[in-house]
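First chain written, first letter: the chains are A, B, C, D, E and F, and each begins at residue 1.
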Amino acid sequence: MLLKVSIKNGAELKVGDNVREGDFLALIVDKGHNKITITSGVSGNVSYINKDLYKKFTPLDAGASLLKIKKQDIVVHSTEVKKIEDKLSFKTVFSNLLKSTGLYAMISDNSANWTEGIGKLLMISVGLLLIYLGIARGFEPLLLIPIGMGAVLSNIPLAFINDEGGIIRYVYDSGIKTGIFPLIIFMGVGAMTDFGPLLANPRTTLLGAAAQFGIFTTLIGAIILTKLVPGIDFSLKDASSIAIIGGADGPTSIFLASKLSPRLLGSIAVAAYSYMALVPIIQPPIMKLLTTEDERKIKMKQLRYVSHREKIIFPIVVIVLTALLLPSAAPLIGFLMFGNLMRESLVVKRLSDTTQNALINIVTIFLGLGVGSKLSADKFLNMETLGIIVLGLFAFSFGTAAGVIMAKIMNIFSSKNKINPLIGSAGVSAVPMAARVSNKIGLDEDPHNFLLMHAMGPNVAGVIGSAVAAGILLAVFM
Amino acid sequence: MLLKVSIKNGAELKVGDNVREGDFLALIVDKGHNKITITSGVSGNVSYINKDLYKKFTPLDAGASLLKIKKQDIVVHSTEVKKIEDKLSFKTVFSNLLKSTGLYAMISDNSANWTEGIGKLLMISVGLLLIYLGIARGFEPLLLIPIGMGAVLSNIPLAFINDEGGIIRYVYDSGIKTGIFPLIIFMGVGAMTDFGPLLANPRTTLLGAAAQFGIFTTLIGAIILTKLVPGIDFSLKDASSIAIIGGADGPTSIFLASKLSPRLLGSIAVAAYSYMALVPIIQPPIMKLLTTEDERKIKMKQLRYVSHREKIIFPIVVIVLTALLLPSAAPLIGFLMFGNLMRESLVVKRLSDTTQNALINIVTIFLGLGVGSKLSADKFLNMETLGIIVLGLFAFSFGTAAGVIMAKIMNIFSSKNKINPLIGSAGVSAVPMAARVSNKIGLDEDPHNFLLMHAMGPNVAGVIGSAVAAGILLAVFM
Amino acid sequence: MLLKVSIKNGAELKVGDNVREGDFLALIVDKGHNKITITSGVSGNVSYINKDLYKKFTPLDAGASLLKIKKQDIVVHSTEVKKIEDKLSFKTVFSNLLKSTGLYAMISDNSANWTEGIGKLLMISVGLLLIYLGIARGFEPLLLIPIGMGAVLSNIPLAFINDEGGIIRYVYDSGIKTGIFPLIIFMGVGAMTDFGPLLANPRTTLLGAAAQFGIFTTLIGAIILTKLVPGIDFSLKDASSIAIIGGADGPTSIFLASKLSPRLLGSIAVAAYSYMALVPIIQPPIMKLLTTEDERKIKMKQLRYVSHREKIIFPIVVIVLTALLLPSAAPLIGFLMFGNLMRESLVVKRLSDTTQNALINIVTIFLGLGVGSKLSADKFLNMETLGIIVLGLFAFSFGTAAGVIMAKIMNIFSSKNKINPLIGSAGVSAVPMAARVSNKIGLDEDPHNFLLMHAMGPNVAGVIGSAVAAGILLAVFM
Amino acid sequence: MIGNAIMLMFIGMGIVFVFLVLLNAAISLLEYFTREHTRNEESAMAEADLARKNKKKRKSMPASGSHVQTAVISAAIHAYRKV
Amino acid sequence: MIGNAIMLMFIGMGIVFVFLVLLNAAISLLEYFTREHTRNEESAMAEADLARKNKKKRKSMPASGSHVQTAVISAAIHAYRKV
Amino acid sequence: MIGNAIMLMFIGMGIVFVFLVLLNAAISLLEYFTREHTRNEESAMAEADLARKNKKKRKSMPASGSHVQTAVISAAIHAYRKV
């Protein structure tokens, strides 16, 4: 089964070492770049090691015996620190230090596996590029700076920041693998979001629904790419994770990818946040192409007053609806609405404030670092990432178009209270960027036509819509 | 031993699957609604599964063989994602989605076990009721809103928010089971509390002691209920956890219950916070009944000035006393006093501020969610919860009465510096609500008699008193 | 092997109890005060216990059989709470309570092992001393108060705050053993540090380098002490951890000690922070001794303007340099520079603010508690701690001297743009205390010569310098 | 697999629409049942707003013979006389 | 079991009282030993308070011939005349 | 072991110096390559500073016959006439 794989990172065991059940023994990489972790099934003593095989980058034959462990029923583990009594010679120390430079590691490991050598250098550059985009170009800096830094730090050779015991690995395992961080972010987003515009004009939920079309067409696109392009091999789960980029919602994308396709998490998160930052560039041409000047000038009637009571009951209604119809979306929508309830209830201001500030900020930093740690050369520098980037663009474009077209369809059926189709594009979420784009294009046509608040309706409906879409995909595949 | 129990949640294993020691195999519920988790004692390969028995809601006979595991000494675990290559038929997907609606799950599971069906619906309603009480009635909203939301989210069928791997389960396991969250809350409470009024009038410690009488009488009450009422079966540990409700101190109640009776944690926390919110309704009639008009008009002499030095040394003194006499109360009192020391030392203002704000707020949110997750139908919708609610009321009433009577007794022995017995009721803690009640009743009799600062003395003494009581109960039962 | 050791804390098992693999069985202390934890190597049933041996403080002979466990392949664990049905007699309860007082435990345990009796009392006093120094003497109160409180709480007998399941143990295991807390603190320090003065006068990096001389001379000193003083037995790893005190950088010291010498962590952290607080007392005499009045009056030319762009690129440059040359320093320097990048990028103000406030404050509290938990009598009350205190003083003095002398050497080679040697001492880090000391001594000579900003250059270079030194030591020993 | 993907699109978009249409309906019901309350709240808010604005006006434009104005005037006079 | 519960009540309330009576005593001792310091601190605080109040007064009534005072005086005169 | 410690000192201090000398060089390069930008930013900052100061000056020193005083006076006169 493990034909011709290579040990990547020997556990550095010696004969006589104690091993507990569950202890790490070796990490093996097969040809498909899948990592296979070998752990001990017993507790005991290492009684034999095959020194020829048990070292880095050595190909293994099927059936090879790596090591033997003698089972013991009582495991003794002492905190006594073994002292290095043997003399360190100057030459040894200097050569060890030389070998512990990043430069040396990159060059020497590169000969065995380019993803461990030049690949790391390239990924550090990718990280720096993300930081540059965040700072100099203003691309979602709150996420792209931590993600970029996570990529840089995780790819430093011999720093082990993203290895067992490294801080970013802890962060990833405890916050992202478990889905905790995206949910807390969603709680913070809920606490920062005013659903009033949606409540004032509930018809705009339909725009938020239509814009999810981008998600499902992209799913088809991903499968087509798999068929057509060699080097791209997306399963249906992968395709679903990629497709959710079209939801234009970072935490939802990360949550879904961490459940369905952890290996693609890095590329997907980077694509999602990059395209969210590019909304002002991607959407306008599509919006103009699909609307006439008259349509873009439609003035919508002022939004009605929404009472506090409605705003308080609304999150409860959404949660109940989710519980009845789509429980798999309940974590995402539940935490979003919990945050919103804290906000609107007005009686837990201190909780709401902390959720909107300290809590979401702390989690954002670590979410970014953790996501960045998935940007490794073997997972990122391949055709699939290219595919994801192309598909992401499609996802956004289709979602935008679907939202605009939906608004036009709705106008056919209602003669009064026409909807300005420019607010349809805001249904992709990307709060509040997409709503601002709608507003700006509207002002370009008519400087007195402020669409911002009208566009916030589909915008926040889009957040719910993509969480619903994520719930559906989870329900199908989990 | 496991006669006629039913598998509630099969682990969905297939023959050939890898199993590690400690992996979850099945969850079985016995007639007493105790959940029995079956985990593997070995690592290896599933070699046989009894398909007739190994499925949901199937009664098991004693001695039945569920599955066999072939032990392996090296366990291989690959991250390779298995692809779903088999076609999903429209009918299958649609039926799967239908089965994954909450509505369907409630109805179908209800036939097997009402606590999994209608029970969940009822518990969601209980959660919504708590949220309503928090928002509309102002019942301790900082806790009841998160608790209510925790109950709602945890009881959504098929959302698995409170199951292994779900966020609220993580929160409960890491924050409440370990006792960390209540202790951090206590640290925050310490940082927010001014013990000055107690230092200015140390005699009021006696009132804080007397009010703990409610705790111990309730303990007796719980045992009596066990004898008299069928369906109520409290052990001494349970009774102790319930009795601490009379301490009128949320974190202390949660801390103790999480150690002694986790199964009752939900009901106890809900009862504790609800009655704390009801202090202004429960206490006044008792206070008026036990005092004469003249007593209620007693004016107390102004509190002396308390120096910073005293305030700084006080927390140290309390910790040393606890260390010498009652170490089991040291976690609670230690963290309370640590928070207070940070506050009073004046040299670590930034730590004190964060403890009082970001930290306590973050922990409050997650404490609430975690506590709410214990509100499940099988644990909450029974006679015992009813018993707890009745007993909680008793606990508060007895504590209030004992505090007032103690003040009257103290007045017998001291002719000058009489104590207004109205401040005795503040000894139950419920800071600062109980002190405000004392003040209000005092003002009702004499609009110039401000008792607030005088009542703060027994009020904060009550916090220490109930932590001491909790320590005693821990020392007896742990 | 385990000749004449004693069981310190029996797991209180009975015949028939279930045991899972990995469960705690006993804690044994050998003569070297090393704690040896014995855990079960199998899952099963306890079938035999040697009651003569399996109790507290009983000497064990090699080969003694403590208990036997019958292996079971399926482990059943029920949440059913076993009820205490047997009557509690008044006498038993009272005697149990008496035995659960701290006073009793100290006295009774003292006879078996003084570190468990009077030792705990002494360590509580040490904790109180640290708190006193923090509050009354202003010695780094942000750290010394939590550390002192950690020492107090951890040494309360029978409170189990620092034992398996205790809150401070959780804190230590999850935050300090993993290295997470020091790194987050470093991130916060980075977000609070302005590297502008270093960028304006990059030559001062040399001063930051020279001051690390204190570290490496102290390393030699520690080894000499080992040779000369009986009762002191530092390995090279220990010596390295002690030496880093000379880096005058708390988080770096804690990070290194937690990796190389956890047993000395408490003493090292306390020494590091104490001496950092003593910088204004230790440094001036050395600085005056090594400089002439003329040198102390040297006026340095005003620092040039540093652009935002430089400040943004600087952290990236430092990270890249670290990645290429010294990856083992990458966690420390990476997080320091990540914090600084968030600060200087100006586009993630909310993340930077939270990092500088809520996050660093929360982590500081728990870091302190966790460090304090390492202040146990058996690890602290010995010659080694005394040695560490002496060595720490040496480390600071040598570092100060080396910085000053380096400045004088640099002045030999550059005729214009002379450096005032007083800023050399700031190279030990201890930001910003050391820079303030330079400024003060300068003002003493010439009231118009403000050296503060000039001294900030070597000061922040010293932070990088000691992180580099820590990285070197990690690279050699890990 | 493309067949599966297309099917997923239809089912997925269907459910998204069903969910959000139901949400639309729920919001409308919510509006309907809180209509009375909303009207009251709105008018109360409007009144409060008006009251606040008036108060502010009074504060910033104390033109109606208050003592502040008096002080300003007399100060001015005093300054005049000084000249 | 009721016997156990009653016993727990006596022991429990006993210890609670012992603990809090000792705390009472400890606080009294604390007061006694810091008496001197407290007195000093209190008087220092009182003085500081007084100083602050005076300063404030002075600020709000800058009696040293400033233009604000002038304004106040003239306002007073004006008010007089009005009478 | 002392031999090891001495060796560690030489190697350690050597690497510390190499690292920080390289950092020195890197910073100098950084300064060199951003020289133009720094100059521009500095002058832009100086101008902005100047503008801000002027604005402040105007605000805080209206004593020199500025329009604020004028307004007060004229308001007073106006009020007088009204009387």
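One rule holds in what follows: a contact is a pair of C-beta atoms (placed from the backbone, for glycine too) under 8 Å apart; a residue touches a chain by one contact, two chains touch by 3 or more.
These numbers come from a predicted model, not from an experiment.
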Most distant chain from chain F by Cα centroid: B
Repeat of the A-D interface, chosen from A-F, B-E or B-D (over half of contact pairs identical by residue number): B-E
Selected interface, B-D versus A-D, where C-beta contact pairs are more numerous: A-D
Chain separated most widely from chain C, comparing mean CA positions: D
For chain B placed onto chain C, the superposition rotation in degrees, Cα atoms, nearest 5: 120
Separation of mean Cα positions, chain F and chain B [Å, integer]: 53
Between chain A and chain E, centroid-to-centroid distance (C-alpha), Å: 55
Computed distance of Cα centres, chain E from chain C, in Å: 40
Whole-Å gap separating chain A and chain B, where each centre is the average of the chain's CA atoms: 35
Shared-contact residues (touching 2 or more other chains) in chain E: 1, 4, 8, 11, 15
Where chain B touches two or more other chains, by residue: 21-22, 42, 71, 88, 93, 97, 236, 325-326, 357-358, 472, 476
Interface residues, chain B side, partner chain E - complex: 198-199, 202-203, 205-206, 208-209, 212-213, 215-217, 219-220, 222-224, 226-227, 236, 239-240, 305-310, 313-314, 317-318, 321, 325-326, 461, 464-465, 468-469, 472-473, 476
Contacting residues of chain B [partner chain A, same complex]: 20-22, 42-44, 71-81, 83-84, 88, 93, 96-97, 100-103, 105, 124, 128, 131, 134-135, 138, 141-142, 145-146, 149, 152-153, 156-159, 161, 165-167, 170, 357-358, 361-362, 364-365
Residues on chain D engaged by chain A in the complex (per definition of touch): 1-2, 4-6, 8-9, 11-13, 15-24, 26-28, 30-31, 34, 37-38, 41-42, 45
List of chain A residues in touch with chain B within their complex: 2, 21-22, 25, 30, 32, 34-42, 69, 71, 178-180, 183, 235-238, 261-263, 312, 316, 319-320, 322-328, 330-331, 334-335, 338, 341-342, 345, 347-348, 350-351, 353-355, 357-359, 472, 475-477
Chain E-facing residues of chain C, complex: 85, 87-88, 90, 93-94, 97
